[in-house]
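Chains here go by letter, A, B, C and D, matching the order in which they are written, and residues are numbered from 1 within each.
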Amino acid sequence: MTSPTSTTVSGTPSGDGRAAHTPAAAAPGTPGHTGSRASRVLGILALGSIVLLVLYGLVWSPADAEMADSVRLMYIHVPAASFMYTGCFITAVASAMWLRRRTPGWDALAGASAEVALVFAAITLGTGSLWGRPTWGTYWTWDARLTSTALLTTLLVGYLALRRLDVDPTARSTRAAVLGLLLVPNVIIVNRSVEWWRSLHQRSTLVKLDPTIEGQMLVALMVGFLAIGLVFTWLLVHRFRVAWLEYQSERLDLDLALAERRAEAGRTTGAGEAPA
Amino acid sequence: MWRDAALVAGRDLRVELRSRVTTNQVAPFSLLVLILFAFALDPDRQLLERLASGLYWTAVLFAALLAISRSAAIDETDGVRDALRLSGLDPAGVFVGKAAAVAVVLLALELLLGVGVVVLYGVELAGAGLVVVAGLAATVAVAATGTLYGALVSGLRVRETLLPLLLLPVLAPVLIGATRAFEAALAGVPADGWPWCGLLAGLAVLYAVAGALAYGTLLEGS
Amino acid sequence: MEPVVHLRAAVALLGRFPALAGIDLDVARGEIVLLRGPNGAGKTTLLRACAGLVPVVRGEAVVLGHDLRVDPRPVRRNVGLLGHATGLFDDLTVADNVRFWGRACHADPADIAAALALVGLDGRLRDVAVGRLSAGQRRRTSLACLLARRPALWLLDEPHAGLDQDTRDQLDALIGRAVRQGATVLLASHELDRAESLAHRVVELAGGTTAPTRGAAPADGSAPPAPTHRAPAAPPPEVSHVA
Amino acid sequence: MTHAGYIAAGWGGAAALIGAYAAWVLRRGRALSRQVPPEERRWS
């Protein structure tokens, strides 16, 4: 994974060493992308594991005794849910690190991870309700996991909505970091309280969602974790690099801005003093 | 910190008293919500009475959104933000003071809504101890969470619309806990309700601490 | 003696905009310094930076002995800022407002009462909600809040704007009184006739820089290279021009 | 295979969503890369 600690260019570069590269060096039009050798290897591994997942999940593993073939949705659903939580956790850690270090890499990682987590939240909800239809006879049931996933999705949507606001970047990063840091306690509380709430009423559905997993099914689930995990990492790496590019493209070239600002003095002092 | 908290709480409550927005607008609005529930659910007394706890706390949350938004607006203008930073008030104290003021306003609204539920929905009160404790814990939790999230969106142009999106999912556990506790109390089985009180108290402490720690960062960072 | 304000090549950003692009300024204790310059020259930002409200990101910045680049917070208790935004609560009365901000910085209750009297708000207006006051009366309320703090450094942004003749005289008298008691005043004003007669010296601001009247570029190495700086090399503009 | 429709929808939907998101991220990365000098693209 990319290491955000190496990206310690601050929003207000200290001047000396960085003054050398003028914005003309931005070389607009230079083709480029967010790929690297490592991310390409990761991508190939991810694609390979997806092929393996299709084979294990759809062909080689048997149908469940009780749920028949609908159990095959589990090989996506459960790993996607896990990596949705992983994404939230990364966002919270990166937010905490941003509050400590104030380096833009951590802010970029927090935002990237929340967005990827939202994609996996959508997959979790979609596969969950598609799985629920044949199992429970309804697309939506107030099952603890579905409900807390839905609430978590709204938490992520709110976090990303705050990040998208067009306001002063430092203010936005500060607010987003506090909100991102609160994500983990919020997720835990929402999860636990919903679980507790639902378990008072319908213990049975919970059991029904947990088929006895063994043999080929267990292998398929493990392959699911591997494939979804690789896809998650690949997406996170690329989304992080996009966020980094966004930061760089908006980054203030302080020396250029200062030169422009000082040039105003030449234009205005002559005219501006007249009304005195 | 406590001196600063008392000072800020006194100021916020005085602003509330002088402006009368709570008494003239928020309180009638929350009663209106209770009446709208009756329209939506067909005023079949049995149904309303059975759902009373949930409807009550939903109405409280709507009223709380308004109260929190009002509280955030007090410290929102540029001049006040600067003056707060220049004053040397402890940010944690400011947070505690604002949350305390919101809690007092909420308690007044809850009392009013409680009377409304008893009169309009025909609820028979029971389990007073549990109701009071759960109500207090839930109020503090809502006030602390709301003040923290109010500071997160304060000063933004989209504050009015962003606040509910951010705050309501976080308050969902409070709604669950407070409703279950009230249901248990009204059903005469308070033993089922006390664990939920524990949850509410935990939430109150957690968000109060988080807010006290984060308020300075939010005040400086924008 | 150590200057009250000491800035060298100070740079401050508003978002991405370098509102201050290299300020050199020294103000000694007891001085009244007028900042003069066209709109957008950076006067307001300079005052806010001295108050520790806008971070200085480059250069040196020491105010009242506190290094703002290390921590801008300790200086804040000791400065009084009178800006465009008043920082008052419209629903509260004049007395409530002054009492709140006074007590917030541990002001003596006697000072709070005295401040109200000094700006002439101890009469009928005392118990009127600030939202009902005129702009000039609000400004007097803000001034009372500032007086109650007894700041060592007064930062006044257009203090004369919106005041009538009598109140301006009153304000000038208050500034003079504060300086005699050991305070230092930095003010930005467009009322140049009045402000220049009040000030001990004038500093010109333009394009976020202290425009060097005798032609100057920062002599120390901390200043960033400024290719388009119009001025040729010359001694640092510590005292740019005496009024 | 039982429930083939649900399984196809679930797997297909997940694949489509991930594919679309990945394509969006890659395209945005290419577009932004033009605006940023190569020395800031530390991975390449």
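Definition applied: a residue touches a chain if its C-beta (ideal position, glycine included) is under 8 Å from a C-beta of that chain, and two chains touch if they have at least 3 such contacts.
These figures come from a predicted structure and were not determined experimentally.
Colleague: Pick out whichever of the two, B-C or A-C, is joined by more C-beta pairs in contact.
Modeller: Result of the comparison of A-C and B-C: A-C.
Colleague: Where the centres are mean C-alpha positions, what is the separation of chain A from chain C, in Å?
Modeller: Whole-Å distance between the two chain centres: 45.
Colleague: So the centre of each chain is just the mean of its C-alpha atoms; given that, what is the distance between chain C and chain D in Å?
Modeller: Chain centres of chain C and chain D, defined by C-alpha means, are spaced 53 Å apart.
Colleague: When the C-alpha atoms of chain B and chain C are each averaged to a single point, how far apart are the two points in Å?
Modeller: That pair's centroid distance is 40 Å.
Colleague: When the centre of a chain is set as the mean of its C-alpha atoms, what distance in Å lies between chain A and chain D?
Modeller: Taking the average C-alpha coordinate of chain A and of chain D, the gap between them is 13 Å.
Colleague: Send over the residues of chain A in touch with two or more other chains.
Modeller: Residues 168, 170 of chain A touch two or more partner chains.
Colleague: If a residue has to touch 2 or more other chains to count, which residues of chain C qualify?
Modeller: Within chain C, no residue contacts more than one other chain.
Colleague: Which positions in chain B touch two or more other chains at once?
Modeller: In chain B, no residue touches at least two other chains, as defined above.
Colleague: Per the touch rule above, enumerate the chain pairs that touch, sorted by label.
Modeller: A-B, A-C, A-D, B-C
Colleague: Which positions of chain A touch chain C when the two form their complex?
Modeller: 12, 14-15, 19, 168-170, 250, 252, 254-255, 257-269, 271-273, 276
Colleague: Please give the residue numbers of chain A that touch chain D in the complex, ascending.
Modeller: 2, 6-7, 21, 25-36, 38-39, 54, 57-58, 63, 68-70, 72-73, 76-77, 80, 119, 122-123, 126-127, 130-131, 133-134, 231, 234-235, 238-239, 241-242, 245-246, 248-249
Colleague: What residues of chain C sit close enough to touch chain A in their complex?
Modeller: 11, 13, 15-19, 21-22, 36-38, 40-41, 57-58, 192, 204, 206-209, 211, 224-230
Colleague: Spell out the residues on chain B that touch chain A in their complex, using ranges where they run on.
Modeller: Residues in contact with chain A: 148, 152-153, 156, 158, 162, 165-166, 168-170, 172-173, 176-177, 180, 199, 203, 206, 210, 214, 217-218, 220-222.
Colleague: For chain A, which residues count as touching chain B in their complex?
Modeller: Per the stated touch rule, the residues are 99, 151, 154-155, 157-159, 161-162, 165, 167-168, 170-171, 173-175, 178-179, 181-182, 185-186, 189-190, 193-194, 196-197, 200.
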